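Take a look at the structure set out below.
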Amino acid sequence: MIKEVTNPEEVEARIGKLRLLEALLFASADPLDEETLAARVGPDVPALLEELRAHYAPRGVNLARTGAGWSFRTAADLAPLLRQEEEVSKKLSRAAIETLAIVAYHQPVTRAEIEAIRGVTTSKGTLDILMEHGWIRPGRRRETPGRPLTWVTTDHFLDHFGLETLRDLPSVEDLRAAGLLDSRPVLLGLGGLADDAPAAPAPDDED
Amino acid sequence: MIKEVTNPEEVEARIGKLRLLEALLFASADPLDEETLAARVGPDVPALLEELRAHYAPRGVNLARTGAGWSFRTAADLAPLLRQEEEVSKKLSRAAIETLAIVAYHQPVTRAEIEAIRGVTTSKGTLDILMEHGWIRPGRRRETPGRPLTWVTTDHFLDHFGLETLRDLPSVEDLRAAGLLDSRPVLLGLGGLADDAPAAPAPDDED
Amino acid sequence: MATSRKAEDAIRDTEGASEPVVAPVAVSDQLMLVLDGFEGPLDMLLALGREQKVDLTRISILELADQYLAFVAEARKVRLELAADYLVMAAWLAYLKSRLLLPALEDEEPSGEDMAAALAFQLQRLEAMKEAAAKLFTRHRLGHDVFARGAPEDIDIRRKSVYEVTLYDLLRAYGEHRKRREGGVLHIAPIRLYSMEDAVRRLSGLLGHMPDWATLASFLPGEEGGPLLTRSAMAAHFAATLELAKAGRVELRQDGAFTPLYVRSARHDRDGDAGGE
């Protein structure tokens, strides 16, 4: 992966690029995608990122890839020494945590499907809180009667939970193989099978 | 300055401390003084700091001593490269966000209509900022007296907010369900007033 | 029974909201009332199912239905009010039980077995999501276990986000705008009905002008206010005449049920006005 370079000028150019890449990633609290980095550093960004990742791997700060981008993060094994008092998840209700998991594993998923899986209606504020944390966002409307809105997770969700892609969700393949990621409502007449269709047609999409 | 250590356990302990120090300095919002660091890491902090400083000296990120504390900073010589496109991120005013939301939901919409919906006059600058940013653009003129200009959102708007199409904007009902819109208190009472007039004029966009 | 009292209150408090719901758990034969938040009837069924201590794929739905129905019966015995969706589930399970126990009728879709399998699937799926949620939150999380650069430098290299506005900000702004418009300030329109006080005031003014028996209806105001106002005026004037009769200021006469009501000034009023009789 790391190309041997011997030409002194080339070596210097490469070091310059690595330093710039390091500084760019360091300066930003949010992940940066390769496209953005390539625009600033050059087309060999993927190789440079791998080199940086290798350099930082044993250190207290690691270069991590999450969601759509790269960012420096403190090393995961230092968590016990750095851990801070829980604030976020204390405020999160059981309903919110379960709902987040359902959105993550079943996305894109409508509210009615979430309710069918949980067997209860989703109280107001559950999706609101998850959205406020930046973990979920509205996805495409489902092309079924009523055209219900779907919900999906964000890149920030991946970043927050240290996931490179959705495929890295814990046990996701096992669950899929077991058929448990089927979000269809299965029991008619059982709680939470609220109609997905909004009470009134969406007022603003006539064009 | 850097003490020679040969005992493997001692080496490991030292590396552990260096990694913790690195992580603490990286994650802190403010420079950390040696006393604070010593409380977390151990009494040999000054020597460890020197070692870190030496390690980072040639890199894109340096460990710098500022005032009474230590912090990581991007290397000073990279400043021109980093600042190339520097833009301090700005918060959009509430009026601008609301105006953008109204254009998104009610487009095509004229300025007079935006004002009618918001109930306040819209300053010239608000639409300018939104247009400058590429979120809105002039649409067709309305074929009514005066042929007022309408405003619509752009593809960049969709891009910025991660929407595929305008139809994926949550409807008012979706917002209500997500808890972003509290429903108005319902007054149960006399159905018809004396004159049988509607309690309030029908909202203009509930069609 | 102090515990049940508390549970009862808690259930009542959360009724309609569906979550969290407080409900008792049946442990073996004994019904124990525990304060524990259940996220609806399916969640409670899952908790009951775990007590069978078998893999959820081998769970006895019939046994589960019995446990649930027993709980509902006990709960109602101690007059515990259950949220509606718990009762809906009870009814559904009672139906499922009958379908499982009685010989299947022809052309009945779906079969009792299918329904039981569907319920088992729902329980497994909910269980899987609960486990997934738990696993998700044991991961090293940003800002809790793993940290980003604490002092990011003002270098926004992604020009497109010069303005920090998220979709959430946008939707929140629109939501607040709608909220303001829908009912930020609650205007209660005055109720334009005739009150008894109005009628008393009005009739008192007319007292001198009704020396002889006249129908109450003839004293009513015109109908320009609409039918509702007319009806309320009728009711108010009737109440007002009763009030004035009690005070000895008018006399009332009615010849039979549902016949017109006559009213005239009491004697001393007429005396005062007409100079004696």
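Letters A, B and C mark the chains as written, and numbering starts fresh at 1 in each.
Operating definition for what follows: a contact is a pair of C-beta atoms (placed from the backbone, for glycine too) under 8 Å apart; a residue touches a chain by one contact, two chains touch by 3 or more.
On a predicted model such as this, the values are computed, not experimentally measured, just so you know.
Trainee: Please report the smallest number of touch steps linking chain A to chain B.
Mentor: Shortest path length, in steps: 1.
Trainee: Can you tell me which chain lies farthest from chain A, using the average of the Cα atoms as each chain's centre?
Mentor: It is C whose centre lies farthest from that of chain A.
Trainee: Higher C-beta contact count, B-C or A-C?
Mentor: A-C is joined by more C-beta pairs in contact.
Trainee: With chain centres defined as C-alpha means, what is the inter-centre distance between chain A and chain B in Å?
Mentor: 17
Trainee: Just the number, please: Cα centre separation of chain B and chain C in whole Å.
Mentor: 38
Trainee: Using mean CA coordinates as chain centres, what's the chain A-chain C distance in Å?
Mentor: One centre to the other, that is 38 Å.
Trainee: Of all the residues in chain A, which ones touch at least 2 other chains?
Mentor: Where chain A meets two or more other chains at a single residue, that happens at 24, 26-27, 40, 72, 74-75, 82, 123, 131, 137-138.
Trainee: Return the residues of chain C touching two or more other chains; collapse runs of consecutive numbers into ranges.
Mentor: Expected reply: 147-149, 153, 155, 157, 166-167, 171.
Trainee: Would you mind writing out the residues of chain B in touch with chain A in their complex?
Mentor: By the definition above, chain B touches chain A via 18-24, 26-27, 40, 59-61, 72, 74-75, 78, 81-82, 84, 105-108, 162-174, 176-180, 182, 205-207.
Trainee: Please output the residues of chain B touching chain C within their complex, sorted ascending.
Mentor: Answer in residue numbers: 23, 26-30, 71-74, 82-83, 85-92, 94, 97-98, 100-102, 104-105, 117-119, 133, 156, 159-163, 170, 172, 175, 180-185, 187, 189-190, 192-196, 199, 203.
Trainee: Which residues of chain C touch chain B in their complex?
Mentor: 147-151, 153-157, 159-167, 169-179, 181-183, 186, 188-189, 191-193, 225-226, 228-229
Trainee: Considering the complex alone, what residue numbers of chain C touch chain A?
Mentor: Touching chain A: residues 17-20, 37, 39-43, 85, 88-89, 92, 115, 118-119, 121-122, 124-126, 128-133, 135-137, 139-149, 152-153, 155, 157-158, 166-168, 171 of chain C.
Trainee: Mind listing the chain A positions that touch chain B in their complex?
Mentor: The contact residues of chain A facing chain B are 18-24, 26-27, 40, 59-61, 72, 74-75, 78, 81-82, 111, 122-129, 131, 137-141, 147, 149, 154, 198-200, 202-205, 207.
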